[in-house]
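What follows is a set of notes on a single structure, which appears directly below.
Labels A, B and C are assigned to the chains in the order they are written; within every chain, residues are numbered from 1.
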Amino acid sequence: MSDLILDHIVVRRGGRAILDDLSLHFPAGRLTAVVGPNGAGKSTMLDVAAGLLAPDAGAVRLGETPLPAIGRKVLARRRAYLPQRAGVEWPVNVERVVALGLTSSLPAFGALPDALLPAVEDALAACDLLALRHRSATALSGGELARAMLARAIVGDPELLIVDEPTAGLDPRHAMDAMRRLRTRADAGRTVILAIHDLDLALNHADGIVAIREGRLLAEGPVLDVVTEDLLCTLYDVRVRILRDADGVAVRFLDDRRPG
Amino acid sequence: MRLAALLAGLVLTALPMPVGSADVPHLPKRPMRVMSMNQCADQLVLALLPPERIASVTWLSRDPDGSLMAREAMRVGINHGLSEEVVRQKPDLVVAGSFTTAATRVLLRRMGYPMIEVDHAESFEDIRRITRQVAQAVGEEAKGEALIARMDRQLADLARNAGPRLRVAAWDGAGFNASEGSLYNAVLEAAGADNVANRPPATSYGRPDVEVLLATAPTLLVKGAGLGRKPGLRDNVERHPLVRRYWDGARTLTIRQATYQCGTPMVGDAAIALRAELRAAAARVKTPLPFASARDL
Amino acid sequence: MNRWLVPVLTLLLTGAALLSILAGTVWLTPGQTWDALLSTAPDLPGLIVREIRLPRIILGTLIGASLGLSGATLQGLLRNPLAEPGLLGVTSGASLGAVVAIYFGFASSFGLATPLFALTGGFVTAGIALLLARSGGTLALILTGVAISSITMALVMLALNLAPNPYAAYEIMTWLMGSLSDRSWDHVMLALPFVLPGLVILLLTARALDALTLGEVQAESLGVPVTRIRLMALAGTALSVGAATSIAGSIGFVGLMAPHLVRPLVGHQPGRVLLPAMLAGALLVTLADVATRTLIFGGAPLNIGVFTSLIGTPFFLWLILHVRRRTA
């Protein structure tokens, strides 16, 4: 299994640097959370990491190989990517949506080959979707849809999984559920990267943290070493207190302007 | 068009302006500046009056494909059916057709121009009626009767030497069938031809399709040439390989639009000419159509 | 249902084609038709079957297939159930090309002019739509298509105004209503080299359209070259529908309706809609063609485009309401 390395990445849009000389290392077998304020460049960085956006300068390598050298279809098999608010536009059933994750392995015509059926079964089972497999994807609840999309992403067992805001809009139980499933992927030796706003979830479930502000790297490393009140304060421009107890870590943002 | 006229009429009656029968100008007994705003009325006016009594006819009448009086039309002025031209040319009688825009007719009547309206002729009886109407309006009743008598003599001659009827499929320049009750069909019949596209299995007011042509096997195809030979869609579709194979050449007769377009007493001449053309074309046909029943040529 | 859909549609299409070969001005018996197919004699049934009805059936099938398949492809590509070939300006562009070819004398000087001009028109409008909408995405493509269609139709009117033939406006109105009357093997030979590659290109987008169910970003991440797929869908549409329009005029509504007819039967998966939609389109046009030949109202046969819209629209409305009730 291979690490993902971003090497001096620059992305400019309209003369402004969205990513400014960003070098990052995402080790295999780790769940890395990318945090930062809105507009920090998290999603752009994920697009570059996924090979969907060519940087203006710098290189991305999966293991030893630069992404552009891997080839569209092979890359699609080795890496899965879930954008923010991933959804489904036709009322296709869950089983078929999950099978779409295998698109790059399919022949040009015909039904799903028998050899690929077990992969779909495994992904459905891993995401608790067996009972919903014939349900139309447009009729799912938010939590169910998130599970279906995750199953779609992991059905091909990609070595690199990149997820943008997988917990947005989910209730606490479903959010924790999603984090646990990503954790399982990392524990199985895959490289897992996610952008996330919910710091409590990030601190309690991720192995590593990457903090980005205005397209620059602020801090990178294991969660417990890197995350301090000072770092979060600089990152978000808000006073922060980190509370630790037997149940884990919690972040409290303090509103200076609150009356009283 | 009738609706438009009605609406225009309603608007006018609502205007605070003296409109009504009292203002309809009296038609002059012997108009000296006649202006015709209709292609068919043009030919009647040209046949009834000397050039010096004609203010203008429509520009269409100078086209020999569409007019039997193109040469005469070159000697008088022209108009494009616009009311502004009426004002400029100051006619003492306007001859309008039933196809002249209703709005124009209402406007001219309101401005006080003496005007008669001429129907479109679809039969020889229509031709007699319309010729008398125009002849009376321009004060040339005797000349009108002479023209009608000449046409009737020609038609009677044609009927006397009828000869064998020819089976044809005929349509005009726009691709419309020469249908029952049209002047085109009346001229064809006078010339001695029966249009097979007027009976089942043909169903359409349009040009009969190739299946109908095969089923009815007309001896000749008679095509109205339209105005000149301008490129059009019918070149595309009329060129079905079967039509080319079986009817092209000797079995196709292209005739001037003027032959059937306008109801004037001159169609007598046109019918005589058409009979000669039909007979000559039929004489050139040597072999029967392979799919026709034995009785037909 | 799924497994039987394509065979059933094929069977229905065959039935419609058989009906189409028997029906018309001259009704033939199956025996006469069979004899006519086997002989080469220039007798009435022989000529009617071999030279009129066979090419007509093939053209109807090709045209319907083009409309149905490209409608299904565009709906899948744009993820919009209202997409159809006319939306991207392909139909109006082809009409413009054909009008210019017919009325300015090119068609009479060489036979391929009308389909070639129509194809060029279709390609140019589709290309402009694609170019203008390149940065904007799906909605921009649709809006640009609508704008280009309007401009092109205005240009058609302008061309008719300037046409030297006084009957141009009447003729082209009839032509724009669509007709398969009096088409021959010549037209089949003109259409085939464009329609067949167009259909193949469209069918090749199936897998990508499935992936596009997840949106363009996810499709791209699944290895789908979205830009190339968009090009293929437009090129395939321009080829097949452009050629179809150049032969039969614009037959509306089939491209919109055919995909909707079959979509619920294949679980709404856009790639699986393609083949059944193609067959359904062919079936619709073939049936409409039979209907225009056999149902005569007041002496004038209906044009095929009028028929598809007139009969199709109420059915389509019913379908939409019915489907919504069932899934809501």
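The definition used in the following text is that a contact is a pair of C-beta atoms (placed from the backbone, for glycine too) under 8 Å apart; a residue touches a chain by one contact, two chains touch by 3 or more.
Keep in mind it's a predicted model, so treat the numbers as computed, not measured.
**Student:** In this assembly, which chains make contact with subunit A and also with subunit B?
**Tutor:** Per touch definition, common to subunit A and subunit B: C.
**Student:** Give the label of the chain whose average Cα location is farthest from that of subunit A.
**Tutor:** Most remote chain from subunit A, centroid-wise, comes out as B.
**Student:** By CA centroids, point me to the most central chain in this structure.
**Tutor:** C
**Student:** Between A-C and B-C, which chain pair is linked by more C-beta pairs in contact?
**Tutor:** Between the chain pairs A-C and B-C, B-C carries more contacts.
**Student:** I'd like the Å distance between the centres of subunit A and subunit B, where a centre is the mean of that chain's Cα atoms.
**Tutor:** 81
**Student:** Between subunit A and subunit C, what distance separates the C-alpha centroids? Give it in angstrom.
**Tutor:** Chain centroid spacing, subunit A to subunit C, equals 44 Å.
**Student:** Approximately how many whole Å separate the CA-defined centres of subunit B and subunit C?
**Tutor:** Computed from C-alpha means, the inter-chain centre distance equals 40 Å.
**Student:** Listing for subunit B: what residues touch at least two other chains?
**Tutor:** Residue numbers touching two or more other chains: none in subunit B.
**Student:** List the residues on subunit C that touch subunit A in their complex, please.
**Tutor:** That would be residues 79, 203-204, 206-207, 210-215, 217-225, 267-270, 327 of subunit C.
**Student:** Given the complex with subunit C, which residues does subunit B contribute to the contact?
**Tutor:** 173-175, 201-206, 209-212, 214-215, 226-227, 230-238, 240-242, 290-291
**Student:** In their complex, what parts of subunit C are in touch with subunit B?
**Tutor:** On the subunit C side, the touching residues are 24-26, 41-44, 46-48, 51-52, 102-105, 107-108, 114, 163-168, 170-172, 174-175, 181-186, 296, 299-301.
**Student:** Residues of subunit A touching subunit C in their complex?
**Tutor:** 50, 52, 72-73, 75-77, 79-83, 86-93, 96-97, 100-101, 103-104, 106, 108-109, 136, 152
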